[in-house]
Amino acid sequence: MTPVATPRTKTLPAEGGAPLPARATSVQANPSPEPATKVRRTIQYESERVKGFGREVMAVPGCDQLVRCIQCGTCSGTCPLSVYMDHSPRQIMALVRADFKDAVLRSNSIWLCASCYACTVECPREIRITDIMYALKQRAIKERMFPRRFPIPVLAREFTSMVRTKGRITETLLVMRLFMKANLGAVLSSWRQGIGLIRTGRFVLRQERIEHRAELATMLATTDGRSEPAPKHNQEAA
Amino acid sequence: MDDPNWQPRIVAFFCNWCTYTAADLAGVSRIKYAPNIRVIRLMCSGRVDPQFILAALAQGADGVLIGGCHIGDCHYSEGNLKTLRRFQLLKRMLRDMGIEEQRVRLEWISASEGDKVRSVVDDMVGQLRALGPLGMPKRFEDWDRELNGLEAEVNAAQEPAGGAKPEAVHA
Amino acid sequence: MIYSYFPGCSLKGLGRAYEESLLPVMRHLGVELVELEDWNCCGATAYMSVDERKACVLAARNLAIAEKAGPHDLVTPCSACYLVLNKTKHQLHESEPMRATVQRALGTAGLTYGGNTPVRHPLDVLVHDVGLDVVKEKVVRPLKGLKVAPYYGCQVVRPYATFDDAWNPTTMDRLLTALGAEVVDYPLKTKCCGASLTGTLPEAGLRLTYILLKEAIRRGADVVATICPLCQFNLDAYHDKLAKRWGAVRIPTVYITQLMGLAFGLPAEELGLNRCFVPMKPLPAAPEPARA
Amino acid sequence: MHDTSNNGDVRIGFYICHCGHNIASMVDCAAVAEYIGRLPGVAVSRDYKYMCSDPGQALIGQDIRDHGLNRVVVASCSPLLHEHTFRNAVEAGGLNPFFFQMVNIREHDSWVHTDRADATEKAKALAHAAVRRVRFHRALQTTKVPIHPDVLVVGGGIAGIHAALTLANGGKKVFLVEREPSIGGHMAKFDKTFPTLDCAACILTPKMSAVRAHKNITLWTYSDVEKVEGYVGNYTVTVRRRPRYINEELCVGCQECIKACIYKEAKFPDEFNVGLSKRKPIYIPFPQAVPQVVVIDPERCLQIKSGKCKRTCIEACADRQAIDFTQKEETVQIKVGNIILATGFKLFDAKRIPQYGYGRYPNVVTSLELERLVTSSGPTGGELVMRNGGTPRSVGFILCVGSRDFRTNRWCSRTCCMHSMKLAQLVREHTGADVTIFYLDIRAPGKGCEEFYDKSLKDGIQFVRGRVAEVTDWALTPEEEGKLVIRAEDTLAGVVRRIPVDMIVLAVGMEPHADVQQVRRLFNMSCGTEGWFLEKHPKLAPVSTFTDGVFIAGCCQGPKDIPDSIAQAGAAAAEAMALIDRGFIEQEPNTAYVTEEDCSGCKSCVPLCPYTAIGFDDAKQKAVINAALCKGCGTCVAACPSGSIRQHLFEDDEIFSEIEGVLTHG
């Protein structure tokens, strides 16, 4: 039934439900046929730290207050999705500060952030956690470190490409493209909903687009030129 | 004049009770700021005689900072109000002399505002850097030379004989 | 009252019922919404995850077009658009380099960003510009006896709560009261609905939806009122899945503007109410529509 | 060049202090000493590890004798810290102490700069200025002003009470002014005190009665300080006494009038029980109130509001005739030499954090409300009942409410950890309920406090490290139905938890009173940015302020517990007593004076002086300065158009030479 999500074997726990969310740091009973005695080592060696990573993240505009974090956990307590994360937002903050770049960028936490900004307005140290999550997402995409076929970065990528070329989003087409790329089976599982959309007249197959598409593409291309408006990198944006 | 090593120099007059104490607090809190400031302690900003400011500028300061208690908080009730009034007059005078307004600054900094010492000093150093050296001593030299020249001309006109003053005057 | 109007992509697609009800209701109140010419997608949260500078340029293009269009406030009904446009304004205000990047990009199309156009939400306009008294005057069919759970969602009140309280917003509550409806005490009114995840990680996204709907029913609500196209779709479209996974939580979710239209006596079919998966029950003892 | 001839042959000794690494790590002290040593008039120039140490001071005296020094300059820390120390050293060496100038190269240089070369250059410039300035110094004498032996104590909480009693026991006359109708402050509302769990009333009430009974203490409750004039040793204070409509001398506290009040039912929120119970318009704040005198609330009393009441209270009082509706506000003027401020704190308003549901959910209470609910003198007689009746079976404590939070108050309120653990133990004792404490860090550094934490753990109190995200009443599971649900991350276990409880206690922090700025101005003091009164030095002068003769004690200086408040109160009393017993104040000789031959008699200085120290001699047509009244601000000096007013210690020559000095170098 669960259309996507990695790992597929695990049922995500319910909010308030009995099972604890499985965490990379905890030794867990494995539901798979592997022997129960199998344990996992979770020590982090000094060599795994990418020195300066934390400072780089904190240098992103809006992320500087991370240095003040006192690990109170308000972010995790507030976050509606922390119960699904492999590292809670608080742990992400600690890992960033401690320069554990891989653990951070490979974590599903940054992709589960739904940008609801609850943590940001609740943080007693005025840390803009949502903005830090954005910075980490950008970094992960830049370094291609997100999990393969993990649907959220794929959505982000498909979304941006549709905007770049058409200027607007047609949600139904976007979702189709997403399902095609991330998980074919899911499209089938959603057929009932598709019928519903058609019935209520909301299934739009005509792509929305703006008139000045070339103009928009040029505009966006300028940002790739770093300091100068260099149209050389244009083909990348096109 | 265009010394590449030029650094702005600020002479500051801080009142004993608020701003001087704030600067002490900045020290105790290890707040870092630009080293271009030289503080002279007075009991009250009301003691700042406009002549002090002119003297500082004339002797090579690029800017002057006066620090006092916030209005209403003066240790001596209202010394800072007097400073404010005097400062406004002085500003007008400086403008007439062609000295940029940013070079002379009056700030209210209370004893607890150590961080404000930093922000004011750093801000002022930045502004002075943008303005460049004031170079009053050089200007005074020019004016002196001009005056001397004029004097010589006048003297020459008065003594058409052209006879140089005898060295004997020295004796 | 004239406002520039940025509908955003959703209002042309899944959320078209929002636009279908917003425009006639606003017109009925004497508010004219002039759609921006050739507006583009605001970038939403997705673009922000990929490239912050491009995201800023995207949003700024719309702001620049709005500035060019005239000195009107810009109204945008979608929460994500509202947040992104406001966030972009903040970013451009805070960061000098970002402003330079954006201006350069806009310059290629002869546009410029001046930062003078306030970005407003219809709720803000309705309560603070139009006024509840005017709304009340237009009510011909008070929603008496209708129990409504006011659901604000996240991005309108957070993090830039300018027109309402971030923790306990009340503008929609007051608007509903003005319509004659009974407002249910709904402590989840600003919780995230998980919309950005239902498409990608349904387990997580739907769970949030389920909690919201379950609590609305537990509080005795007949209907949930929303102000965001994503929230509405999310709360409305997945009832089959929800029922299968955790149990039925069948309750209609409509836009506040649809309820306003009903109260103003506008015909239900013209308010896009037929587009709901879970249909709203007709109002009891509906008199003839007021409009000729 | 300015004329220094009247100062004779100048021989300057210059000393630069390393202050351990404090200065030496950022300033090349030897280089500065070498540079200054080459300046004209400098006879000795040395650098030394600790100038303020005994050998450092002795060095100055030795050099004065060996090298015939007649001027001394020390470059070290702030003059506000050690100017007196070095003046004394100079005097001990046989010179007039005012032949000394200090250079601040620590607070103003080594501590605030990061480049050693820059800092060294700055030190040279500042030292150079002082060397130039000190040439102009002249021998001066301090003046002695007698000190008034009486003391004003403001605030009748535990700190004010202790300070007043200490002074009174030492034979000093004390005026104790309290805003509320009774003394006792916050402590009077507590049930027990941590970490000893001894009864607060048992240790406080004897002290309160002692205040009332002490012949050396004049107690004015229901009163405010309105005006403070003068200076250390000689303050004139105006106190406003609000009418309580009761003659304090005649009332015996029998409370018959309260029974007789026309309001049969108590209707108005009782301040002492933080609104948990009701009182009548005529009331006594609490049973142990001092003074034991009733008070009438003018906002509520029918007679005062409308004049239409049967005045049953007067009937009840009968021939004692203590009730007096004609009472008017009074102002009294007193003279004191010292003032101790112990004005305390205000509790954080928990409504400012709406996520915790205070004011929305009736069973969310503050720590002080719980205190009243568990105390036997409280509204429930010590039975812990919830607002909807019934005994709680589970209680959650949320710590740091309005503390360590950048959106409200950034500071740690210091007592809430211990206070909550104490209340948690009391809750367990009273009800046996499950108690969970949600904390950020347990701060228990006081004597016996860590042991108390250990006892709490052993008592079965659950501790969850994590700041609570929210309190809600919506249920997801059957056991949550009808409960308050706390959602928080258990940061040590690494899981997000939902914990249903019956009652929630918010450990609200301390913050400065709302009127702290007015009070600060009234007493001519400073506040930190947070609003706590600023001490003169955080370590060396923790109860002194920048205004001589004004001391601070207790929570008005910052959050603290009862032992610390009492320690400060004792210290403040001792500081005041030291001044009083010395009998006089030595005034800095920085007064202004008129050089008569230059005065043009324009009178422009006369209105400038806020202390009316400047008079005018009509016969001579010259201004005259009364040195006893002059406070030495120098405003008249700067304003004198003829330059005839001058100021000791801040002569024009001295300041001009300083300006020259700082600009000559670098």
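Order as written gives the chain letters A, B, C and D; numbering starts at 1 within each chain.
Simple rule for what comes next: contacts are C-beta pairs under 8 Å (C-beta built on N, C-alpha and C of every residue); 3 or more make two chains touch, one makes a residue touch a chain.
This structure is a prediction, so every number in the text was calculated from the model and none was measured.
Participant: Figure out the least number of contact steps between subunit B and subunit C, where 1 means they touch directly.
Facilitator: The least step count works out to 2.
Participant: If I average the C-alpha coordinates per chain and also across every protein chain shown, which chain's average lies closest to the global one?
Facilitator: Chain D is the most central one.
Participant: Between C-D and A-D, which chain pair shares more contacting C-beta pairs?
Facilitator: A-D
Participant: Roughly how far is subunit A from subunit D, centre to centre by C-alpha average, rounded to an integer in Å?
Facilitator: Once rounded, the distance between the two centres reads 51 Å.
Participant: Taking each chain's centre as the mean of its CA atoms, how far is subunit A from subunit C in angstrom?
Facilitator: Each chain's C-alpha centroid was found; their separation is 24 Å.
Participant: Distance-wise, how many Å sit between the C-alpha centres of subunit B and subunit D, to the nearest whole number?
Facilitator: 37
Participant: Find every residue in subunit C that makes contact with two or more other chains and list them.
Facilitator: 211
Participant: Can you list the residues of subunit A that touch 2 or more other chains?
Facilitator: 15
Participant: Which chains touch which?
Facilitator: A-C, A-D, B-D, C-D
Participant: Where on subunit D is subunit B touching in the complex?
Facilitator: Those residues of subunit D that touch subunit B are 78-80, 104, 106-109, 111-115, 118-119, 121-122, 125-126, 129, 521, 524, 526-529, 534, 538, 546-547, 590, 608, 610, 631-635, 637-639, 647, 650, 652, 655-656, 658-660, 662-663, 666.
Participant: Once bound in the complex, which stretches of subunit D touch subunit C?
Facilitator: Contacts found on subunit D: 354-355, 472-476.
Participant: Can you list the subunit C residues touching subunit A in their complex?
Facilitator: Going by the criterion above, the answer is residues 9-10, 12-14, 16-17, 38-41, 43-54, 57-58, 61, 83, 91, 94-95, 98, 101, 104-106, 108-109, 154-155, 158-159, 161, 166, 190-192, 194-197, 199-205, 207-208, 211, 237-238, 240, 244-246, 274-277.
Participant: Quick one: in the complex, what on subunit A touches subunit D?
Facilitator: Within the complex, subunit A contacts subunit D at residues 15-16, 20-21, 23, 25-26, 68, 70-79, 82-83, 88, 90-91, 122, 124-126.
Participant: Give every residue of subunit D touching subunit A within the complex, in rising order.
Facilitator: Contact set of subunit D toward subunit A: 355, 400, 404-407, 440-441, 465-470, 476-477, 480, 487-491, 494-496, 498.
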